[in-house]
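Quick heads-up: structures coming right below.
What follows is chain A paired twice: with chain B in the first complex and chain C in the second.
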Partner chain A sequence: MKSISLYVDKDSYLTRLHPFAKMVYILAAISVPFIGGALWMYGLFLVISLGFLISGGILKKVFPLIAFSFTILITIFLIHGLFNKENETLLFRIGALAFYREGLLYASRIGLNILNMLLAFAAFVLTTKPADLVDDLEQMGFSPRFGYMITSVFQIIPQMMGTMNTILDAQRSRGMETEGSLITRAKAFIPLISPVVSSSLINTRERAIALEVRGFGSKTKKTFLREHRLSGGDKGFMFLMALLIAASVVWRIVYGIH
Partner chain B sequence: MNHLFKTRLHAATFVLIPACIGINYLGKLFASVLKLPLWLDSIGTCIGGVLGGPIIGAVCGAANNLIFGFTTGDSITLIYALTSLGIGAAVGIMARLGHMEKLSGAILTAVVAGLTAVVISTPLNVIFWGGATGNVWGDLVFGWSQSAGLPVLLGSFLDELVVDVPDKLITVLIVFAIMKGLPKKLTSLYDVNDEVEILD
Partner chain C sequence: MAFIEVKGLKYKYPHTSKLVLDGIDFEADKGQFIGIIGENQAGKSTLCQAFAGLVPTMFRGAYGGKVMIDGVEASKVPIAVLCQKVGLVFQNPFNQLSGAKDTVFEEIAFGLQNLGIPREEIGKRVEKALKLLDIIKYKDRNPFDLSGGQIQRVAIASILAMEPEVLVLDEPTSQLDPQGSEDVFQVVEKLAKTGITIIMVEQKMEKLAAYCDKILLLHRGRQVAYDVPERIFSRGDLRELGVEPPVYTQVSKSLSVHRKEGEELIYPVTLKQIQKQKDQFPLTLSGRVRQPNNEKQEKDIFSIKDLGFYYIPGAPVIENLTLTLDSRPTAVIGQNGAGKTTLVKLLKGLLKPKTGTVLLEEEDISGRTVAQLAKRVGYVFQNPDDQIFKNQVLEEVMVGPLNIGMSRKEGEQRAREALEMVGLLHAANENPYDLDLSERKMVAIASVVAMDPKVLILDEPTIAQDARGREVLGQLIRTMTEKGKFVLAILHDMDFVARYFERVIVMAGGKVISDGPGEEVFYEKDTLTKARLEPPHITRLCELLGYEGTFLTTEDIRE
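Presenting the complex of A and B:
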């Protein structure tokens, strides 16, 4: 069964870094440029994230993620480059379309922000196994019931995908059209989705009974097979990120906006 | 009325939430397989809201976006966790008020959910995307509003409005149809108004 997680099973210093340390990195990567307000800060974190991804050997896996948000980036550049309210200085023309400096600058700020977020998250997502993340959260005192909820999403989705393919085949073999005009495709949606949804909801009842039988509601404290504590390196990394955030606050106070 | 926010936290609810998140994922997948110009990624959240009430609906919505954001690298969805939370809560409240029993009520629920989504998403769109949403139809409206010189906030509001309200309308109608077909032995698991009678 294909997992929906993007975790790449590869032993590197990034996979060994504690998930919390990586989360603190994401926090820093998003908040520092946001607080500091300078454009070069996006660049700084883009370079750091790229450095992480290259040194972790997972750069190739990032491209599909970036491609995914490419259309929205183009839309933003088009709309703001052409129609932004503050547009004054003409930069260049393509045919009848005139692009302005102010709008493009605004769009590139948004574009950098998106790219920065994507890469920072990629460094986290590609190197953290969801099950380990949940385990670490539970060891920090996160409710094991919610922990179960998260892990079971990863079991349920591949199962549902299996059911979905069965139903897609079954409905097609009965002659249902799933390709063609918008109306045909829209009409196909309900006979496809409703059997999957009903069957998965009906399955929840049995799952719930199975869980209750295995002591899901038990109030006793849980113990862990594998204890994962923050190492000295993890703590040092988190401290460094906290320093960066503090530095951006100082920067903002000293230099103001931009 | 005092049952509006009452929530049962037993094994059945903790199983319902992942199932709802899975349904959200499937809805989105089917919409992209069939190339429909809608998102349809909140069917599960709405089911969670209708079955479990506003709190479960909100948890479903928020958990959905957080889980996908942190594991599939789709950090864009992370921002919209707030929107999903609002949709789940809105549908849950409307369902508890008894609006999901008739078709007219379902349409009203859809409008409320759609407007909730629009109100929460618009500021997020403006902050993170400069007003665009990434949906072709919505962005055409946004592009038009910007070329007509309307403020970004209003343009983004219209952008979100033309996509979200029809999207939620179809979502809630699908949910309505599915809920009608669910067996009583399942729905009774989540019913908060039932009473346990003891024989002895």
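Presenting the complex of A and C:
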């Protein structure tokens, strides 16, 4: 079955790092440059994130994400470089287009921010199994119903796509043309909707019963298959991140806003 | 007081007027194995749900009487509490999965986690259930990637691991190959010996006769009888009740082998009992007279050459398969996962071969779309719900004919004929989703038959069918063959294969390991063992009685 989660199944120190530790990293990566306010802080976290991704062996998986974000970044640079209302100092010209220093600076701040967040999240998402994260959240006290909702999405969406393919096969078998031009395919899609929806509704009802029979409504405290405690390394890592955030606060007080 | 007591149980679903259960009364002791039989809509599944408390707690409706399990009233306790005492295995295993776990191990552990069982204990129980059902090799696989038969095992394991005192199973072997269903019965019997009470709905009468202590016979919601298998299957009115007794009993009846209990005639119901009364059977029987091979040269329908297919490179599902199919009705048999469904999907063009060619009446089908082939090759899916699109039966059956360009008038006529053939003409104006599974399967078959294809492919048509349904199907296969159509079916029911199919193809591991008329294939012991299959019941019976000759169906028993 195709998975819709981005998790890369690869054993590395990053996949072993506790999901909470990775979440604290995201927090630090976003808050430090925000609080500290200096551009080089973005750079620092970009380098750290890239370091994580390279050492975790998952850099390749980030490229499509970066490529996608570049289309947005370019638009931001164009708009702010050309039209930012604080534009004063002319930096360079390309034909009739005049780029200004203030707008470009502002755009690079946004751009770095986006890239930074993207890489920090990537380091988390690509190395964390959704089921593990939900499990840890439940161990922390989130309700199992909430947890079920999240994990079932990761199972049920691919399953629905599977059902859709089967139903498509059934329609083709009954002589409906589904291959060929875009219009043929679009036409074939409409009669798919009703059987897919009704079969999912029937499934949902049955699944609710199945859950009951498996004791899902039980009042007893649930057992967890893995007890995922924070290791010494996890704690050390989280402490370091807290330290960085504290340092950024100090920096801000000492140096003020730029 | 007995361990299980059902007293005057009555029930009807909300917004309906008919009682689906009407006055059920019986008792069972701890560790007994109880079978429930009856034709479709006898109330079997509803009764199962009443044991698990789903009726009335989940479904509401009007409920009367009592179901007591070990002193607990099923309708009065929450399902989450009751489920520790009563485990229910559903008819459709796909719906039994939690849908939130991505390995088989975690899926089976799910129920135990909810009940707060200590972790070490969960590990032990899951391992035990995995071993018992022979699925330990799939431990780390995603349950949704497994085949129907494998999912059924996962579903049973997931309930077994919860170690209920009563295990209720609703047709648990319908998707399994013969060996697989025998395994399930053996596991369940073992459990009964450890003191777990078993309640099982099944269509496989031979198995129930061999394993059950008592059988509950239902008909249209009413309890007809509750007795030991010999007495139930010796009744004279089974035909009217839509139940076919075990093949062993049918044979004994036709040879009038019985013993007397007072005024009643009691017939043997198992191989063991037949062995005890062996001296009453005739010494020899001649068996089937094989028609002289007047093989009129049949025209090839399909010629398959060097066919190969895989879903994942390096894991071939079909390898180097060369085969010609003519218009004799042909059954494909083999273990779950042998590549049977993949093969027929390749014939239908739903899958494209990775190597080799498929010729349909001498024309390569690789250049055709599935829709173009639809006129000539009809394929009925295993799960009817995947192919029901409309909310009226007649409209549903007309979808195909209209798609391939028939006029409305002609389409409707064909649709009515097809519905007549499957015995559902009276339901033409109903909503297919209001029909039960066996009827929906028949609608699916009719909707393909109505397109009047040259080739009719059926994927496990006998699942969920009772004796009457199987007869309707058999008749349909004969009619289609007489009309010059080619029927190709995937089947697990060997008695059905032996009765209605002239040619039998045995598949194992993506290859054809035997091919020929039933008279030959079912006597190739090594092949059958290799494919984890069993010969028809009659064949085994006659071998035990030492008859020489060929015996495949009850008609072959003649003095």
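Here are a few things to note about the model shown:
The working rule: the second predicted complex is superposed on the first by the 217 of 258 C-alpha atoms of A that agree within 3 Å, B and C clash if a C-alpha of one lies under 4 Å from a C-alpha of the other, contacts with A are read in each partner's own complex, and residues count from 1 in each chain.
Note that in this section a residue touches a chain if its C-beta (ideal position, glycine included) is under 8 Å from a C-beta of that chain, and two chains touch if they have at least 3 such contacts.
Just so it is clear, the model here is predicted, and its values are computed rather than measured.
Contacts of A:231 after superposition on the shared chain: neither chain B nor chain C is touched. In the superposition on chain A, contact is made by A:122 with chain B only, not with chain C.
In the superposition on chain A, A:55 contacts neither chain B nor chain C. In the superposition on chain A, contact of A:164 is made with chain B only, not with chain C.
Judged by the touch definition given at the top, the superposed model places A:89 against neither chain B nor chain C. In the superposed model, A:216 lies in contact with both chain B and chain C.
Contacts of A:80 after superposition on the shared chain: chain B is touched, whereas chain C is not. A simple residue count on chain A separates chain B from chain C, and the partner touching more is B. Of the two partner chains placed by the overlay, chain B and chain C both lie in contact with A:178. Shared contact residues of chain A, touching chain B in one structure and chain C in the other: 148, 152, 154, 156, 159, 178, 194, 198, 202-203, 207-209, 211-212, 216-217. Listed in rising order, the residues of chain A touching chain B in the complex are 4-7, 65, 68-69, 71-72, 75-76, 78-80, 82-85, 106-107, 110, 113-114, 117-118, 120-122, 124-126, 130, 133, 145-146, 148-150, 152-154, 156-157, 159-161, 164, 178, 182, 185-186, 188-190, 192-194, 196-198, 200-205, 207-209, 211-212, 216-217. Those residues of chain B lying in contact with chain A across their complex are 9-12, 14-19, 21-23, 25-27, 29-31, 33-37, 40, 43-44, 47, 63, 67, 69-76, 78, 128-134, 139, 142-143, 146-147, 149, 151-152, 174, 177-178, 181-183, 185-186, 189.
Chain A makes touch with chain C in their complex at residues 1, 131, 144, 148, 151-152, 154-156, 158-159, 162-163, 166-167, 169-180, 191, 194-195, 198-199, 202-203, 206-225, 227.
Residues 52, 54, 58, 78-81, 83-84, 87-88, 90, 92, 94-102, 106, 109-119, 122, 142, 144-145, 158-159, 162, 348, 350, 369-372, 374-375, 378-379, 381, 383, 385-389, 399-400, 403-404, 433, 447-448, 451 of chain C are the ones that touch chain A when the two sit in their complex.
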